[in-house]
Amino acid sequence: MRNITIAQRSAFTISVEAENISPDKFAPLTLSQIKSLAVWQGNRQRTLSDLFVIEGDDAPAKAEELTIRLSGDFSQVKRIAEGMTAGVVLAEGSVGMHAGNNMKGGLLSIAGNADDWLAREMRGGKVVVMGNAGNYLGGGYRGEKCGMRGGEIEVRGSAGAYLGEHLCGGSIRILGDAGDFPGAANQGGTIFIGGSAYLPGAEMSKGTITVKGEAKVLPSFQRLEIVQVDGLAFQKYAGDNVDNGKGELLVGVGSS
Amino acid sequence: MIIRGGIVYDPANGIYGDEMDLFIDKGRMVESAKGEEIDARGLLVMPGGVDAHSHIAGKKVNTGRIMRPDDARLGTQPRTAVCRPSTGYTVPNCYAMGYRYARMGYTTAFEAATPILEARHTHEELEEIPIIDKGALTLFGNNWQVMECVRDKDLSKLAAYVAWGLRAARGYGVKIVNPGGGEAWGFGTNVKGVNDAVPNFDVTPAEIIRGLAEANEMLRLPHSIHLHFNNLGKPGNYTTAIETLDMLKDIKPSRMRQVVHVAHMQFSAYGGTSWRDFESKAPAIADYFNGHSHATMDMGQLLFGSATTMTADAPLEYGNARLTHNKWSNHDIELEESSGVVPMAYFRKMLVNAVQWAIGLELALLVKDPWKVLLTTDHPNGSPFVNYPEVITLLMSRPKREAEMATLHDQVPKRTTLAGIEREMDWTDIAIMTRAAPARILGLEDKGHLGPGADGDVSIYDLRPEEVDTSQDHALVKKSLATAKYTIKGGVVVSKEGQILATPPGRTFWVDAAVPQPEADRVMVDLEEKFARYYSVQMANYAVQDAYLPHGKAILAGLSISRGVA
Amino acid sequence: MSEAIMIRDAVCSFCGCLCDDINVEVEDGKVSRVRHACRLGSSKIMGHGRIQSPMIRKDGVLVAASFSEAYERAAQILLAASKPLLYGWASTSCEAAKKGILLAEEVGGVLDSTATVCHGPSVIGIEEKGLPGATLGQVKNRADTIVFWGCNPAEAHPRHSLRYSSNSSGKFTPQGREGRKIIVVDVRETRTSKNADKFMRIVPGSDYEVISALRMLIAGKGEILPDVIGGVKKVDLADIAATLKSARFGAIFFGLGITHSRGRYKNIDNALSLVAELNSHTKFVIMPMRGHYNVGGIGQVLAWSSGYPMSVDFTRGAPYFNPGETAACDLLAKRDVDAALIIAADAVSNFPHATAEGLASIPVIQIDPYENPTTILSDVVIPCAIAGVEVEGTAYRMDGLALRLRKLVDSSLPSDEEILTGILESVHRQRQRKANQGA
């Protein structure tokens, strides 16, 4: 196994775009080559080592044998682990927008919070967030039909608005609350929300959304029977009937 | 400038692969000149490419961009010392359009449909497209003034209005899209055929088409009417196509050219009664073209992958959006037109798409005279124009066609005749379909050829016509055509091996057709009333001002009209 | 005293209506009388207190400077920044916008328009569903049913109803207002709702649910709806749905009441679907009520130049677009810009508080004819001639129609386009100087 640790040299005012921080990009490179990878801060192109201290094993190794540790706060660093296919990225703190964009494999684990668009257009692999996630978790790009198509996301805290928008596959599990419109235009993915949600599943045509806590449900969802899942009672709805009504929404009835 | 030793294809001047030197001086082809020498020994040399039908500028193109950030993010390239940034694939930004045409060896492209009311916007975008020369066809087929003149059988007034409209729009020619259907769409309906009455206007599509064709010839316009048929895109529509063409065959052209140019014929060569028994009627259409000389067409070839459909045929677009469950933009233009934009993807395994793909190729291969068929994809309806090299190689190589067909829905050989077509085009055919014929069909005398006085637009490809086997080496042909070794525009090397070296502004051609003052005055009476009662803008603010054509080039036409010709 | 000159059919450069029938009398180089314009347009054309001279902040105080000094200082600020924001563009010409986009490319900045605080959500909705629209004349000539949703044209677009909508008349609408049904949907009574045939008052933030319910009713699936949706009884909603469905030509105009209530772009997304579905039954179009006269124009120019209609990040040389990340408000709230050029917009007054605060901590260049709250925190202030009054140019009406603005009177001040050109030239000069020093 190869280990590489990255720490910020000092706090940023302007956010940094660092799509090169990814096991796939690091794998074939020596440490000094990694240090000279490009990152952008606004309109200034810099090298990774201009902004970060990079330490670890020097010898190139396959992506699946690589673990990248992000030491400290990376909440101003965007696009970490973009497109990664294998290996592990461990963030000890928080990460900026677009972490795990278009991720296809491997593990992205975040001990702090993740900013908006975590795992946008994810295809495979796993993302775990111990804190909260921002808006558009597992979402898509503006104007695209599909957001996330595969893989697994787990958030121990809460998530922001529009989580799993245009979800076409994969699963998202939020232990806390979700913001507005989770699972909008869901076309075949699975979402579990441990807390509450507002207007889940708008225009969904396929897939399942489960909200364990309270949910404001759209009038265009058809109320069906009460079902038991893992010993808990859920009100089942079919929706969204403004579309074909073939999605499934389960809302907990335990507390209300 | 001297271009040395190229193998030149200039069919308009009877040159079919001769080794020769070419000379350019002050932006024009000349008999001899000095200056920069370009070594083209043994390489394929043709006039700069001319695209006679492409959607490159105006409201619907920009609507395509605005509703498709998903497309804009494809093909993104940063700015350079010479170039502005590029974005988009099916709906590129203005800069990318100029650079991509130039890289491919094209130096001229015409926007296919602009309503007069929104022509100002079209010219704003045309002016922003670098390098290439351009022009815009003007929509007349659903225009209230046109329909009233047709209803009143007042042909001279109609001609006077067309001349006025072209000048107001700074337009190049008369475009007709689903005549009558656009007006009907104003209340959500359509016309079903050429003899179906247009609601509220007491005219038929047939009368509109014929009236405009006659007015077009009366005005001696450089281009003929440019027609998008009724019922386009529907199974069984080939009968509408033939019925429409046949009612125009007795009209005498005022110039040495066709009487009607059919836009994107592929979309109107359909048999069957529904999508279920959908089949190609390309052979019937090709027979008609082989037997008649008054009509030309462009292919409107469809290729698999992403496209964005955009047309003044608004009801068609609503149908497309409902059928594919896709996003839908619509834009109706008061007193003049309607239009729509819908993203699209075409699939090899989708029978309808695979048959459509074959129909475009059948048309081009079955029509014997290449001067009658232009190579287009109806960008970006059938495919983006950057894929022209794919279309060319399909026309030049039967093995390539067979390899492609093997990947398609297996019903294609039963629903089309493509599998049995042996014809493989040569460089002369291609030079005609992409250069000489579009220029002649548009009436652009200085384009599409390399004779003295022609525009100094030349493309040189890294291909040796005397060595390469276009049937077998189609991959090499495609690669070489995609990126010209040199593209020369007006005597300036604008692109070399894919790198843009210079971005001169292109010119915008428009047609200024003179009509006798009394006829112009008669139209003004009608127009003043229309502006007072119906238009939402004042007449004084309607016509495109000179400021929008800093590189405009007027082509004069027109005729003295005597009353009672109709 | 010279004789008054009458300028006919001038275009009013105040709101998105771009009324082009304004008659203006000019005496001694000044506008003396404005006819046909509403009070808002009239007041703009007549003119009021202007910034007289460029100013540069020195030792904390704005002091008068020459234009060339102001351009040099502005270029210095932009070149020193690693992420400059170029914001505004709603009340100037497309010609200025073109130069601004070039400047944003040159200095590697983010360009955003005031759409970000008005119809930005509409644009995102359109990216989801497309825009089934028409020119305003189409509504004038054909519409027998008009819905105003979350907008109040009686106050914000005073001539809209007479020229284009409720009270206009045309070929198929000879009776004007009498032949039309006007429906207003809003969370409160307005002057517009008082003139309506039907006012549907909804609970704030319930737009999305109400639209979904209408879609269900239009599709004949009303039976599963609850009895009350968004504070409206199902029977009343059914009545509205029936009216929409039976229209010969219907039009929905919408405003900030729906784009900025809970749901934001999803509300528009849903409304666009409603209109698309209505077209299976009859003819319907929908249109945002754009506020500033050329907020549509910057969107058009930006789209054909960069591929995107707003919030475009040029910092890495290639355009990147992602509202929520690249919009002016997002960047300022996150303190993710280090300089700003504000043109043809009063950012400080229009931004949310936290966002406006973001401006206070960075160097700001202002280009504007008028002093406003943004001036107070600017480091460079450059006064300009007013497009559509003192300068010609292009503007796009709320329906996307381009019109040519007239010049009515002379100004000694440069146009926005000239100012931006001046700054661009300074940028080139300073960059060249730096390159020479480096060599």
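Structure notes:
Residue numbering begins at 1 within each chain, and the chains themselves are lettered A, B and C in the order written.
Operating definition for what follows: a residue touches a chain if its C-beta (ideal position, glycine included) is under 8 Å from a C-beta of that chain, and two chains touch if they have at least 3 such contacts.
Since this is a predicted model, take the numbers as computed values, not measurements.
In terms of inter-chain touching, the protein chains here all touch one another pairwise. Of the two chain pairs shown, A-C and A-B, the one joined by more C-beta contacts is A-C. The distance from the centre of chain A to the centre of chain C, with each centre set as the mean of the Cα atoms, comes to 34 Å.
For the pair chain A and chain B, the distance between C-alpha centroids works out to 45 Å. Residue positions of chain B touching 2 or more other chains: 67-70, 73. Residues of chain C found to touch two or more other chains are 127-128, 314, 316, 321. In chain A, the residues that touch at least two other chains are 141-143.
Those residues of chain C that touch chain B in the shared complex are 8-9, 11, 20-21, 94, 98, 102, 105, 123, 126-138, 140-142, 163-164, 170-172, 248-249, 276, 279-280, 282-283, 285, 299-301, 303-309, 314, 316-321, 392, 394, 396, 400-404. Here chain C touches chain A in the complex through residues 81-83, 107-109, 124, 127-128, 208-209, 212-213, 215-216, 219, 221, 224-226, 229, 262-263, 266, 270, 273, 314-316, 321-325, 334-338, going by the rule given at the top. Partner chain C is touched in their complex by these residues of chain A: 13-15, 17, 40-44, 97, 116-117, 135-136, 141-143, 180-181, 184, 199, 202-203, 218-220, 222-223, 240-242. On chain B, the positions that touch chain A within their shared complex are 67-71, 73.
By the touch criterion stated above, chain A contacts chain B in their complex at residues 141-145.
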